[in-house]
Amino acid sequence: MADGKTGLWIVGARGGVATTVAVGLAALRRGDAPAYGLATETAPFAGVDLPGWDQIVLGGHEVRGGTLLDAARELEAGRVLPIGAADRYADDLARLDASIRPGVLVRSGAAIESLADAASVVPCATPREAVRRVAEDLIAFRDAQGLERVVMVLLGSTEPPVDAGALPTDVAALDASLDDAARCPLRASSLYALGAIEAGAALVNFTPCLGAGFRAIEEKYFDAALPHCGADGKTGETLLKSALAPMFAARALRVDSWVGHNLLGNRDGAVLADPEHKRAKVQSKERLLESLLGDAPQSHVSIEAIDSLGDWKTAWDHVHFRGFLGVPMAMQFTWQGCDSALAAPLVIDLVRLMDLALRRGEKGALGALAAFFKSPLGAAPRALIDEMNTLVEWARR
Amino acid sequence: MADGKTGLWIVGARGGVATTVAVGLAALRRGDAPAYGLATETAPFAGVDLPGWDQIVLGGHEVRGGTLLDAARELEAGRVLPIGAADRYADDLARLDASIRPGVLVRSGAAIESLADAASVVPCATPREAVRRVAEDLIAFRDAQGLERVVMVLLGSTEPPVDAGALPTDVAALDASLDDAARCPLRASSLYALGAIEAGAALVNFTPCLGAGFRAIEEKYFDAALPHCGADGKTGETLLKSALAPMFAARALRVDSWVGHNLLGNRDGAVLADPEHKRAKVQSKERLLESLLGDAPQSHVSIEAIDSLGDWKTAWDHVHFRGFLGVPMAMQFTWQGCDSALAAPLVIDLVRLMDLALRRGEKGALGALAAFFKSPLGAAPRALIDEMNTLVEWARR
Amino acid sequence: MADGKTGLWIVGARGGVATTVAVGLAALRRGDAPAYGLATETAPFAGVDLPGWDQIVLGGHEVRGGTLLDAARELEAGRVLPIGAADRYADDLARLDASIRPGVLVRSGAAIESLADAASVVPCATPREAVRRVAEDLIAFRDAQGLERVVMVLLGSTEPPVDAGALPTDVAALDASLDDAARCPLRASSLYALGAIEAGAALVNFTPCLGAGFRAIEEKYFDAALPHCGADGKTGETLLKSALAPMFAARALRVDSWVGHNLLGNRDGAVLADPEHKRAKVQSKERLLESLLGDAPQSHVSIEAIDSLGDWKTAWDHVHFRGFLGVPMAMQFTWQGCDSALAAPLVIDLVRLMDLALRRGEKGALGALAAFFKSPLGAAPRALIDEMNTLVEWARR
Amino acid sequence: MADGKTGLWIVGARGGVATTVAVGLAALRRGDAPAYGLATETAPFAGVDLPGWDQIVLGGHEVRGGTLLDAARELEAGRVLPIGAADRYADDLARLDASIRPGVLVRSGAAIESLADAASVVPCATPREAVRRVAEDLIAFRDAQGLERVVMVLLGSTEPPVDAGALPTDVAALDASLDDAARCPLRASSLYALGAIEAGAALVNFTPCLGAGFRAIEEKYFDAALPHCGADGKTGETLLKSALAPMFAARALRVDSWVGHNLLGNRDGAVLADPEHKRAKVQSKERLLESLLGDAPQSHVSIEAIDSLGDWKTAWDHVHFRGFLGVPMAMQFTWQGCDSALAAPLVIDLVRLMDLALRRGEKGALGALAAFFKSPLGAAPRALIDEMNTLVEWARR
């Protein structure tokens, strides 16, 4: 039973998604908000034993300065949060703000480093030290708050991709690499993931960063009997792809090309304007189609930072396909979604489901949660509805 | 085993879809065409025992004049059929043309009646006579061609809706009604359906007409141990709805309004420009959302006859939905599909699957084929992927 | 010189547009707002002698109840007005509210009448009495505020169309008709227009209502040496048509069909959901294309009331056209504009320009202002840019 | 008077646009085609003395192999030319084919060079030799066909941009540079332009290449008393921008961002897939907005080569703008145009108008033809309708 309290530790704790999570949980606790956006509140999950809104305790790491209240005001002005929300939940935000700990910044890429605030970064001589500091913060959080379980959620900006060939190939090599700052290829997201293991926490990687997405670290999760899931929350254009591509496949409509253009203007957009960082994101978005269509169409994904759009991701997709006797047809869609408002409830869903996974003793990559991710670990991407069916079955088991 | 030959008897045998079926089967037989658009040719159906292209023999009823060759030329000019197709398959079309029989026209509505050609209409004093004439044509077709099984597919224009309260409520009342031309509420589509029963044929209702969609006739199918399915082929905008609406439901995104505007310019469009006929179609298109979303959003569906578009249905849908904390977002799509090229392969899929159903002794409304229809009989509409999973399971049983 | 003060008397003074005008003028006076949306603040109008923000004094008629402050709060919640605007300008709104006078309701149509509040409607035995009461209110406003000139702007909901054959054909017949409530075909908008003449005010008809749009009343304006202009402000889809259709004409691209679907959810939308009222609006929107394209394409305009959209008019237009050697091509656009925010600055532009017209002694329909209207009086619709060139030339004369 | 014959010499004579011009002129001569797409056939040009269809004689240079008939068949399959066109005009195409001369290839960029056919390229030791060979071909064409006037039209693929700092700054430097193959910065487009001068021909630069777009060569045109115009035909997305951006400016709507994504799949697309070549095109497309809006919005233009689209350019533009009191709104459009069918009639318009210019003795960059170009020479870009008004005025002078 989901008794006691569960910690939700967010890496990137003053970002748009984290702020929306904080305001959202406060609103849910007070009964101010409908359950829109929360998959775990839909009918199929009725009866599944998940923690309630007041059983979830927030904490987190952050490398940027500022306050959650300012972040909430900005989101309110940008039409992400309801009018009046920042003021209404100012006390909740202040309490959380006080408990946020400085983060680690290791090979995070120029675009992320330029956003960081010196006072909010823990200097670490080696990767091992970074892992240790992260673990200490998590343990202190658990102890201070009297938590039964802790789930770390990665919500930081997109790091550049890591060269797969450079990664340690087994646990021993991984452990050895942590002492050599110059040669260890791991970026902060993976060090956070290692910190979570040391602290006995589960991990959700909601970003396109590497995190726990390689074999050696997967073994460590398995050995520690801890579950993790990821990567890269499926919130907008890719969500649509995972709903639409199976339709083309089911009807044997041959997709010749699928082009997606994404515009967004928030901090995410600014980081992704840097080509190195963008590469990781685009890779994650492109993988899907081949899995779902069987055949890979010509595909193109772009992401452009358009300041005026703020948090309002606007995507245009053009699908060119052939039907019977080869006749070419087209479908286009535009998606105008508020990124933080789409991601935040999924983070809450995920912490509830990972709490269940911890109670069930799941270990390693939890493929049953693939429905939430662009690049699921532990499962190949499938039609969204198939993934949802699997998720519901797992949850109700 | 699918041995021998199966008859595909099309009601509306010189229409756009029927002509495309005829050209398409000819092309498939000669290996000229890829299997695009044919669901039964996708991987999940490998190993299912379905009739081959040369096991399917075409015939049909038609109330309009003209020739299939002319119809094919028109479709070629309208970019529905490949350049050169009409000439290449002229012999196949001529052979089929010669075997097409005049149809019946009973309470079909002004818009359909105005398209009919006197020489192509069988005058019938009573509904019972219409049923008999239809059955005789089917039996003659089976005998002449030496067919094992026959499947009738309704592809005619959309009739006005029938007042449900006026329908006969049991088999006896139904039988009795057929002698009274003035009071029998059944339109041609239902008389064709009754004719199929008399001739021992299965029925596919690909139109929004009533056909076999009421309880008394359903009993007759059951008693005759014959299967039928329908109604209203899911080829375009509604296909997309059945792929997309489940995505909103899965993510608890609250759909406030879903507006769909459909433009098309073929004969279908001309018939649907008549408000009486349009009503039947719009009803069929609107039912779906409530089933898929749980809650019914404000919904609006329009169909406009825009001559210049020909067979190229162009639909714009606007979905207005709310996410976390009530923030409103929007999705739009446009669909530019060639209606005949989308429908024709489904007709071929359906005749193959109904042939299987006949061999298996299925009787009554075959809900396992719901994936093909806007208003499925024998099953509530579900997510397209769930419907496909059910279909595959049934087929592979 | 634009000395002294000019009255802006709004019919429909608590509607969305009027409220936005009131808040906007307050913001402009305090220097809170940029000049976005105001054509008269663009470079070509530099040096034209127009009244300043504090020279414009607001008043108006209204048949609905409620307060301007409530209306402003609603617009703020609907993202039409900036966050905090209602509170910031509450005093300005309260002052204006106090001066608003009950309106007249004559043959206004069921949809408008159902919105009216008994206490806000002046009962009038005859049309003549309605005219007199309107004129008295205007004169009282001018005297109380010490105004040099007054411009009445019609912003009420769309009345049903008036049968042109029933209209009085000369001034004498017009005058005679006003005593016979049962037979006078004029609706409120025309009675307001007559009241403006009696009070010596200029008229702007921003609605699709008849207002001063018939010959006999035009003669009266001419005789009274007063200017008027209209009809139906060009704010969204039609604005785009007047920019785009000339492009097709200039390039000899043959437009076969132009379909426009408009969704909106405010009070305007609710009134237009009534078919009688909608007819007037659609007529006004459809006239344009033939003027601009030479040849009339197949055209379809729909307006649907979709509650969730509020003031956010969403339009989809599909243009099907043929180019060289007859090849068919397509253009589509979607427009997501905030109706009140688009209309309000035009109202301010128009009162400034009509003030200039009054000072110049213009009389009758002022065709030079055609750029602002869907159905301009005194000028055929032309390309927007041609209309703007004419306007600038007139203003700088 | 437009007596005698006028030569239309196309550089890129077997490309999609050239082939469409050839088929189109043949169809116009035989009265097979309506005048769609031809601006000079619209009402405002009635009475302007322009050469008739049979007064225009085709010739050209080409560096690629193949035949015009094959090119026409490909365009027919791609739905650019009407069904049957290639066969119907095969004789005209064969005649023209026989007269096409090998072209020059100088610093044309890797993507163009890879398309060239050795037998179709004239080897030239120096730029001067290239100029001379071009001029000789033109003169031979004029003499052989007995032409009164010749207009060269550049229709080749997009060359990489030329560094402006490296260009010769006066006529003497330009002349001197032609002997030094290693140091002369001019690419083929400019050598063709010089060849035209030597042969006494007018020039139309329909491409984004440099051509005659620098001061020293402009002086040579002036000295030779020859007219030229360009650059970069305005056929699709930019045409729309030049119709729409003035609308935003006229209404003081503040454009914050304007993003345009262009997909196309023909040879143009393949060349533009090369970043060096794409740069020239994007520069040409981006210049416009600042001219038309006063203020430059954040702007982004992309061009992607999507094979399946062939000649069917598909563009999506998203315009984010603010209206009254700063409220953000959006407009989107998609354009599905057939590039060759949009460009070809403009080429015919331009040769007719340049013939007029030659007869009138115009010299240097002819700004009156700005309406046809993305980056007009001799005039700043203005609203399309203003440019058209100027053009008509010039033509009717």
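Labels A, B, C and D are assigned to the chains in the order they are written; within every chain, residues are numbered from 1.
By definition in this document, a residue touches a chain if its C-beta (ideal position, glycine included) is under 8 Å from a C-beta of that chain, and two chains touch if they have at least 3 such contacts.
Because the structure is a prediction, the values reported are computed rather than measured.
**Student:** Would you kindly state whether over half or under half of the residue numbers at the chain A/chain B interface are used by both copies, giving same or different?
**Tutor:** Mostly the same residues form this interface, as more than half of the numbers used are common to both chains.
**Student:** Applying the document's contact definition, name the chain pair with more C-beta pairs in contact, B-D or C-D.
**Tutor:** Greater number of contacting C-beta pairs: C-D.
**Student:** Return the distance between the CA-based centres of chain B and chain D, expressed in whole Å.
**Tutor:** Whole-Å distance between the two chain centres: 49.
**Student:** Give, as an integer number of Å, the spacing between the C-alpha centres of chain D and chain C.
**Tutor:** Roughly 44 Å, centre to centre.
**Student:** Can you list the residues of chain C that touch 2 or more other chains?
**Tutor:** 79, 330, 332, 334, 336
**Student:** Taking the touch rule as given, give the residues of chain C at its contact with chain A in the complex, in rising order.
**Tutor:** Per the stated touch rule, the residues are 76-77, 79, 83, 334.
**Student:** Which of the residues in chain B end up touching chain C in this complex?
**Tutor:** Those residues of chain B that touch chain C are 256-257, 259, 261, 263, 298, 300, 302, 304, 306-309, 314, 316, 318, 320, 328, 330, 332, 334, 336.
**Student:** Which of the residues in chain A end up touching chain B in this complex?
**Tutor:** 20, 23-24, 27, 33-39, 41-43, 79-82, 85, 239-240, 243-244, 246-247, 249-254, 294, 322-327, 329-338, 341-342, 344-346, 371, 383-386, 388-389
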